[in-house]
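Next come two complexes, and both contain chain A; in the first it sits with chain B, in the second with chain C.
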Partner chain A sequence: MATVDLEFAEQLEHFGVDTASECFNCGTCAAICPLIYEHFPRKIIRYAQLGAKDVILREADELWRCLHCGLCTYTCPREANPGELILGLRRYVIANWRGTAHVQT
Partner chain B sequence: MANTRKEIEMEREPKIGVYVCQCGGNISDHVDVEKVCERASKIPGVVVARENMFMCSDPGQDLIIEDLKSGTVDRVVVASCAPDLHELTFRNAVSRAGKNPYIYEHANIREQVSWVHHGDGATEKASRLVAAATAKAKYIQPLDPIRVEAKQHAVVIGGGISGMRAAKDLAERGIRITLLEKSPFLGGRAAQLDRLAPTGEKASDLITELTREVLNHPAIAVYTNAEVTNSEGYVGNFRLQFQRRPPDSAEDLDKIKEMVESGTEFGEFIPLVGICPAKIPEKIEEYTIEAGVILLATGFKPYSPRKGEYGFGEFKEVVTLPEFIKLMARSRRNGKVLEINGKEIKSVAMIHCVGSRQIPGVHEEDETGHLNEYCSRTCCTAALQAANTVRDTYPGTRVFDFYRDIRTYGRGQEELYERASKNRVLFLRYEPAAAPVVKRNNGSNGYPLSVKVNDTLTFGEEVEVPVDLVVLAVGMEPNNVSNLVEMMKLPVGADRFLLEVHPKLRPVEMSVAGILLAGTCQSPMDTGEACNGASSAAVKTSSLLGRGYVELDPFVAEVDLEKCTGTGACVEACLREEALTLVEMEMDGEKVQRAEVNPALCNGCGACVAVCPENAINIKGWTLRQYEAMVDMIVADDIAVG
Partner chain C sequence: MYKPKDIIELIADNVKKTGNPFGAPSKVINGWWKNIPLPREGDGLLFTGLMYQSVPFIEKTTTYLERYEDTALVNYVKYGRFVPKFLVGWGFALLASSEEKNKFNGMLHSIVEVLKKSKVDFYYRPELDNYSGILLYDLGDVDGFIKHARSVVSKLKEKGVKKLITVDPHTTYALKILYPKYTGETFEVKTYFELVNLNGSNGTKQVTLHDPCIYGRYLEMSDVPKKVLENLGIECVAVRNSGPFTNCCGGPAESVSPKLSRELVDRRIEELQSTGAPVVAMCPICMANLTKGGVEVEDLSTLINHCS
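Showing the complex of A and B:
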């Protein structure tokens, strides 16, 4: 079960993500993605909307599957920029690894 | 057994034209239309039998008009869809050919044949129905519509935005109006709103302006605290009795208290309440008025959730959307976070479809056994408008929106949905059988409630949202007008809203002639749509009253004075008061009692025909003789399907 984190959207802004809420979960990105990997990237974007940080960190590997072809961003009907979202989430994940494993902030 | 061909041939032979419609395959896919025509053409009295792809189209109607004009036919039988739909179309075509529109008979071979039967049986039944119609057509007499003088006065029941809109429009057209409002206040539900979606204009501005126009118009008489107690008469000549009564409902008394406390004058707008135009009556006052048309603008009430539905009535933090709109409008701005009753609201959950789109077996019926299976249409947009207001005004307050489907259907409404996303409203979607659960928060996260849902957008995972306030986007239910329904014999739909004759062809008329619908008494609609409906009803009223008289269908009882012996059986059987009476008249120098019909009141039901021992009374256009001819023809195998 995920509990919604009310502050996560603002936290993500530091990593260059400010369009997550504009996604209306239609799944066009997952349909066009050449990886054809489960519900990528729709599902991880939904977790970002909810602020399910633990799930994002646990399943962070998925973020590095992305080939950065840009098809999802090109086809997104809400112009939520999913490609850029994935990159932002990578930055968030890296910062968190650093934060916990190396440099104390 | 049936009449033989010979017996039927002995009757006088009018020239009957039969016109069979294919309905673009709707009929011809199952009924052999060509065969129906071929059989019809052999029926005695039928001079032509033609088919067409769409008889209701201009070329189809032209076939009929040409045959009438050339004198080829003098009786018309069209076999097509249900008469509801196009009987009037074809009568008008007959009129355009310069003939009496009542020399027309209709056979329904779509709803009663091709949509329900297939194969040879369908063709056979169609043939028999067409044959029966021709048999009836033989005895058709040209009839004249009943003409009744129409009172140039309309009564509008309901002083909300629809009632006032209609009153204003009609008064501009020069028709006198009596506007009756049950409560002490004008403005209805719209007056209780803050800003109207999707445009964002202030409801108070609209209501204030419209009410001023209504109150200042010399042709409009407004009665608040007024309830109709009796209604009789017919289109053009209704007679209504109503009472002004001292208010007794708790809601009205509260509002009056608010008015007195705020020191508001009569005619001034009270925010979120409305306008009280006149002194509250202290005792019952009785009135009687006459009117040509009655407009119903009786409006809606918000669905009232059951105790325990999403925690309503159990947790004080659960409110309905109309309540929330008021709370928000009354709360003072304090910058970042919304504050209600002195409490900071950092997180709001909105739940859609409360009391709408209810599903048998999933939702609980109300105490009368009803489910609101319809979509209330306005709540999605209203909820999103409220969500945007929260986010625009109080950036520190979050909004979570639990929906089944977002139905922002009208112009400018989808934009509200998009804006809500941009405003970081988080949407969660639930299935009706797994609705969100609101529970008291036992954790120490500082939020009194949490809402749990199996969120289909997160692939069915359970998601929990901590909140300070839950807002239920409740649907619309029609106001209880059972007294008017009973009094005026009004048709009501399965959804309990008042029912129009046809949603597209006669959208604001009721089947009781002269009674029209304006606004949300008819179905859920937003303010703009309600005003549309009201203006349509106003236009329809002016066209009804504009000629100074109304024409009614002539299918009413007619007494054959040669046969009538004044038994009075018909008067006793008559269902409509004063439609049928015994009157004294002189016959052969003798004073006798005879039945007399008031054509304007007669429903044409035929109860009198059934009881007359002398067969001295008949319904014009539907005589016993015509019925007999139809039945004989249906069973006349050699003619109908020979």
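Showing the complex of A and C:
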């Protein structure tokens, strides 16, 4: 079972992400992403919206499969900036690994 | 797949120590300018960001990484600062063959030729030409990136540099978009092909131009190199997925998962080869990955140089 933190989307602002709640999970990002069979990045963005921090940290390595190619950000109908969201989650995870509170944005 | 944590800390540590991701002195990597006449004074500073020069080293390193992916040796990367000497520092510096080094240095020589032919007022100083830190940013180590970027900026500011001429998409993006945002310093950044002003008709020729993600999407400037080639009588055959919808070459995945990288490049090569015209790249990472995928690729700079 995973605990959720409803404030997480706000916490992500410290990591340069202020669009997490814009996403309405349409899946355009997952359809255009070169990692087609991974259901990426839709799933992990949903975790971020729910504030499922434990799951994000447990599955953190998946974040580094992203190529930062920008196709998802370019095509997102909500301008939720999925590519930048992934980058922000990487920052969040690294801060956790390093035990630093937050990074400069 | 390699543990991102191990790769990131290894790279962050290298950048901290040597200013580049490899842990070898930048002087060892950046020797392309020796033996060619280059002005030390001028209007715009040629800023390579050490990307072209690094590719022969990256290629060798990733060959090893590919060999050991999914084996127990993956777990030893975290000891990289001590154990696999062939991946870091001087051991790494000895990896690249001089043939490969000459190939990529030659592309920088072509860029110089093309700028000269276009009568661009530029100069070069190796001590001011530093790695941009872009890999740290892409991997999510924004603290490390900012720290490094500030040191690069301070060297440029100290010499009063205002105009930069870049040669690859990653360094261009870092200096044009990220540096102003994260260091507060803005330079006038132009990519070399934006300054090319050449005409000719060295026979009509068709090429397949692979747009890198950064030029195609992030900076939306795919039309610029196309126009340069058009002025030289070279036609860019339409590629499935190009411009802002271009497909990634897979290069950025090479340090974390060479296997994934290989899969993506195979997909892209299929798209590029379906045109039947020779493939041209304008990013050293794309160039390396497409070449690794088994296709013959020419760099935009050499093509322009040969046809002008």
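Of note:
Here is the rule we go by: the second predicted complex is superposed on the first by the 95 of 105 C-alpha atoms of A that agree within 3 Å, B and C clash if a C-alpha of one lies under 4 Å from a C-alpha of the other, contacts with A are read in each partner's own complex, and residues count from 1 in each chain.
Here is the rule we use: a residue touches a chain if its C-beta (ideal position, glycine included) is under 8 Å from a C-beta of that chain, and two chains touch if they have at least 3 such contacts.
Computed from a predicted structure; not experimentally measured.
For the composite obtained by overlaying on chain A, chain B and chain C can both be accommodated side by side without a clash.
Legend: residue contacts after superposition of the two complexes on their common chain; A:2 is shown touching chain B, with no touch to chain C. Applying the stated contact rule after C-alpha superposition, one finds that A:63 touches chain C and leaves chain B untouched.
Judged by the touch definition given at the top, the superposed model places A:37 against neither chain B nor chain C.
Of the two partner chains placed around the shared chain by superposition, chain C is the only one that A:16 touches, whereas chain B remains out of contact. Taking the C-alpha centre of chain A as the vertex, the lines to the centres of chain B and chain C open to an angle of 130 degrees, rounded to the nearest 10.
Looking at the superposed arrangement, the partner reaching more residues of chain A, out of chain B and chain C, is C. Look at A:49: by the touch rule set out above, it reaches chain B but stays clear of chain C. When the shared chain is aligned, chain C comes close enough to touch A:74, but chain B does not. Superposition on chain A leaves chain B and chain C with their closest Cα atoms 24 Å from each other. Residue overlap on chain A between its contacts with chain B in one complex and with chain C in the other: absent.
Every residue of chain A that touches chain C in the complex is listed here, in rising order: 16, 34-35, 60-61, 63-65, 67-71, 74, 87, 90-91, 93-94, 97, 100, 103-105.
Listing the residues of chain B that touch chain A in their complex gives 346-347, 398, 400, 418, 421-427, 429, 457-459, 461-466. Chain contact summary for the complex, chain C toward chain A: residues 1, 3-5, 7-8, 138-143, 146, 182, 213, 217-218, 244-245, 247-248, 250, 252-253, 256-257, 260, 264, 267. Residues 1-4, 6, 9, 21-25, 39, 43, 46-47, 49-50, 78 of chain A are the ones that touch chain B when the two sit in their complex.
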